[in-house]
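Two complexes are shown next, each including subunit A; its partner changes from subunit B in the first to subunit C in the second.
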Partner chain A sequence: MASGSGSGSGSGSERWSEGLETEAAMAMETTDVELLKRAWRNEKAAPEILQFEAALVLRAREQIQLLEETLEEFTENGVDDLVVSLYQMDLDRTLFLLRSYLRIRLQKIEKYMIHISKTNLWNRLSEQEQRFAKRCTDIMEKHLEQSVLSRLPYGYQSILKQSISSEEDDMVPEPQLDTFVFCKTKSAVGAFQLDDTGDEIVDLVADDLYVLRYKSIKGLVEGGRIDLV
Partner chain B sequence: MYGRRASQLLRELACSETGQLTTFNSDAFDQVIKECNEHNLQLQSLIRKIEDENLDIQTTRNEDHFGAVIHHLSLIRNKHCLMAYMYNRAETIQSLRWKVGPVLPQEIQEKLNYSEEEYFKNHSAAIESYMSELDLDLTVDMVPPKDPYIRVRVLDDIGEVCLGDHSISLTKHSLHFLRRTDAEPFISQGIMEEFLE
Partner chain C sequence: MAGQSNPDLSVFSAPEVEFLAEDEMVEIVPNIRMEALNMICGDYGPFFPQIASKVPLWLAVALKKRGKCTIRTPEWMSVERLTQVLEAERESPREFQPLPFHYVEISRLLFDHAHDDIPDLYMARSLIEDIRDVRFHKVETGLETISGRTHAVKLKNLSAMEVNIVRPFMVRALQAFYKHDSPHLIQQPRAMGSRQPQVVDRGPRRDLRPR
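Up next is the complex of A and B:
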């Protein structure tokens, strides 16, 4: 027993501190995973693209990398299969959230590429997403010009305007901000005005579930006071 | 009746199932373009007639003016329909990259016109460029994971495939126990299926 603990204490304490590190990482990860899940849910439910969570995505990727390295070590050291599959499950779920989050955003960019490029929604994109959006718009413009617009008479060849006599860009598809969304308040908001005329006022209590038009609660979502489900 | 050919294109769009493409209707398409150019000629000649009669273009409201307005509005209607046709097909083509992958099977390729084929390739490249910038494959993991590993049955002879750090021989009818993310691209191409007991 004495010799066992003696020879074991050196490598044992190393493993113990490594274990602590991973545990600390996993504890941090739980909060980060919650944040990622929230960002993912909001993005999924909102009709327009939301602010890119750069810091969160960076941290999530670091956690993923740490998990992958830990798993490699486990398989090298022949750790119990059950533990390995638990860590693997965790890794898979985090990876899915991250991939799905990025994918939903990309698909929103595909759908509203021209609208995003022309409004301040552009600032909600990450650098790489902006490059992607620019490429997408160029490709789409080229395609539409080639197949339709160049064959139409002069004065009707614009992609943004119906004809040169249009006063503003009337041919750009926009997201429907009027859609109803399910949302849950995080803390009490109090009396909240739903529209411009002040006809509809709703009392938003903490932790309650509501179905409202996205347009009315846009500001609250951006401020993080309400979550979409 | 102005605009009838154009509404035929739209009806084609409405009748097809979401996510499915019909063969590009170049006959109807070319006809609508021809109509647009005819409308334009009529429109221009009516405007010239007003100018020849020394009337003010901006304020005159005679039958020539209203004739010109009708041609202008019909042209715009046709333009809307053509743009809607192309744009909606382009959206379906975008979704194909996510659902099917970077290479389209022959039956779908046949339905695209030349510009659409190019559009698919360029759009695919844009998505791939973004993914490689992030070093993350976004076309796998399309459904929330239940098990990290799944049983699969190979449907077509695929041969030797390198997965991670070892290679596997994927012969027809063989059963394997693979990582879900490794198997997904094969499953979406239809050459492998999940083996559920």
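Up next is the complex of A and C:
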């Protein structure tokens, strides 16, 4: 039971040693719960929606289902209440992580649905999330149309634009990528350029904590080289 | 703390930070026999009476609550170590001493649930409170040095709860400075001959097109 890609004995972030260990080697000694926790943290702290962790979510769901079945067997076979309650706690914790991860993504989709559907962020959504986004947009459009837009004068009836003279869609909420985020380095990233002009360079050493502009470290977050906290 | 009224900026709630801390490993000494637990979050045990074993904090607290184990106070929570840390914190006004990332939550959980296992409980508790105060004072002094030229703030060894508390204020301050110090954000409307003043709003920044 409870098997996954790798369920090594508990590993904390502090165990990640400095050096040039590859991402794969790190993932090997990390449990799926640990990975899910990282995905959850990053998703919560990042202003925009991140890539959906499809494989990870699938594995987590399988493990949850397996444990639920095992728990039923335990109750039937009269296994010690204490043991059952401990497994139940483990199950509840994993369920919470998974639910919270999915929920924070839904919140972001609700907030930025039009922006997401117009950009390549769309590909970061799972199939179910894409369906949700579509329905959500349809309902919102219908609602705004019926309650407000149809009663406005010609030229002001677009859901996307302030008026017909707007050159771009200026009524679509977008995530603020300029915002600052707290991030922790796992291993040394090296000298890193913070802005386009190259005036600001920060040497990102291992196990350090910085407040940086999300835009500048976006690539590092997506590549899994830095964690948001 | 300022800024907590804005839910957008507080990423984690205090219980969520505590949830993360509960996965940190601690050593317990069980007083019962129990088979190995193969859980989703990892494999622990088997457990034998009087033989120490490493488990996540939530598991330790659950066993402790049922009177099935004692929790060994982590090394860094000894009065001796905490005294050293406090002294070092006071001596270095610009640095934070290395402590576990979740030191606030771990110590709090242990004080709440395993107080009878902690030697010198009152001393340890007051030392941790002092350490928190000294560190927080440093954070607050550090905030004074933020300016428009601040592109990055280095906060090595700042802990999870400290990050969470200072986040709303810090992010808002940096954003405000960044906004007012970025020439292209201010010059653009002027170059376009717009009379619209640069409004200080807290929402996402979007240029209003002149029509």
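The criterion applied here is as follows: the second predicted complex is superposed on the first by the 199 of 229 C-alpha atoms of A that agree within 3 Å, B and C clash if a C-alpha of one lies under 4 Å from a C-alpha of the other, contacts with A are read in each partner's own complex, and residues count from 1 in each chain.
Here is the rule we use: a contact is a pair of C-beta atoms (placed from the backbone, for glycine too) under 8 Å apart; a residue touches a chain by one contact, two chains touch by 3 or more.
None of the values given here were measured: they were computed from a predicted structure.
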item: First, second, both or neither for A:Glu73, with subunit B first and subunit C second; value: neither
item: Touched partner set for A:Ser85, first subunit B, second subunit C, both or neither; value: both
item: First (subunit B), second (subunit C), both or neither touched by A:Gln146; value: first
item: Partner touching more residues of subunit A, whether subunit B or subunit C; value: C
item: First (subunit B), second (subunit C), both or neither touched by A:Asp208; value: second
item: Partner chain(s) touched by A:Phe96 [first = subunit B, second = subunit C, both, neither]; value: both
item: Contacts of A:Ser163 with subunit B and subunit C, given as first, second, both or neither; value: both
item: Touched partner set for A:Phe180, first subunit B, second subunit C, both or neither; value: second
item: Shared contact residues on subunit A - subunit B and subunit C; value: 85, 89, 93, 96, 100, 162-163, 173
item: Contact set on subunit A toward subunit C in their complex; value: 1-2, 4, 7-10, 12-14, 31-34, 37, 41, 44-45, 60, 63-64, 67, 82-83, 85-87, 89-91, 93-94, 96, 100, 162-163, 165-168, 170, 173-176, 178-182, 194-195, 200, 202, 208-213, 216, 229
item: Subunit B-touching residues of subunit A, taken from the complex the two chains share; value: 85, 88-89, 92-93, 95-96, 98-100, 102-103, 106-107, 110-111, 128-129, 131-132, 135-136, 139-140, 142-144, 146-148, 151-153, 156, 162-163, 171, 173
item: Subunit C residues within the subunit A interface of the complex; value: 11-12, 16, 19-20, 22-25, 34-35, 37-44, 54-56, 58-59, 62-63, 66, 68, 100-101, 151-158, 160, 163, 167, 170-171, 174-175, 178, 204-206, 208-209, 211
item: Partner subunit A, residues of subunit B touching it in the complex; value: 33, 36-37, 40, 72, 75-76, 79-80, 82-83, 86-87, 90-91, 94, 98, 113, 115-116, 118-119, 122-123, 126-127, 129-130, 133-134, 136-138, 140-141, 144-145, 148, 180
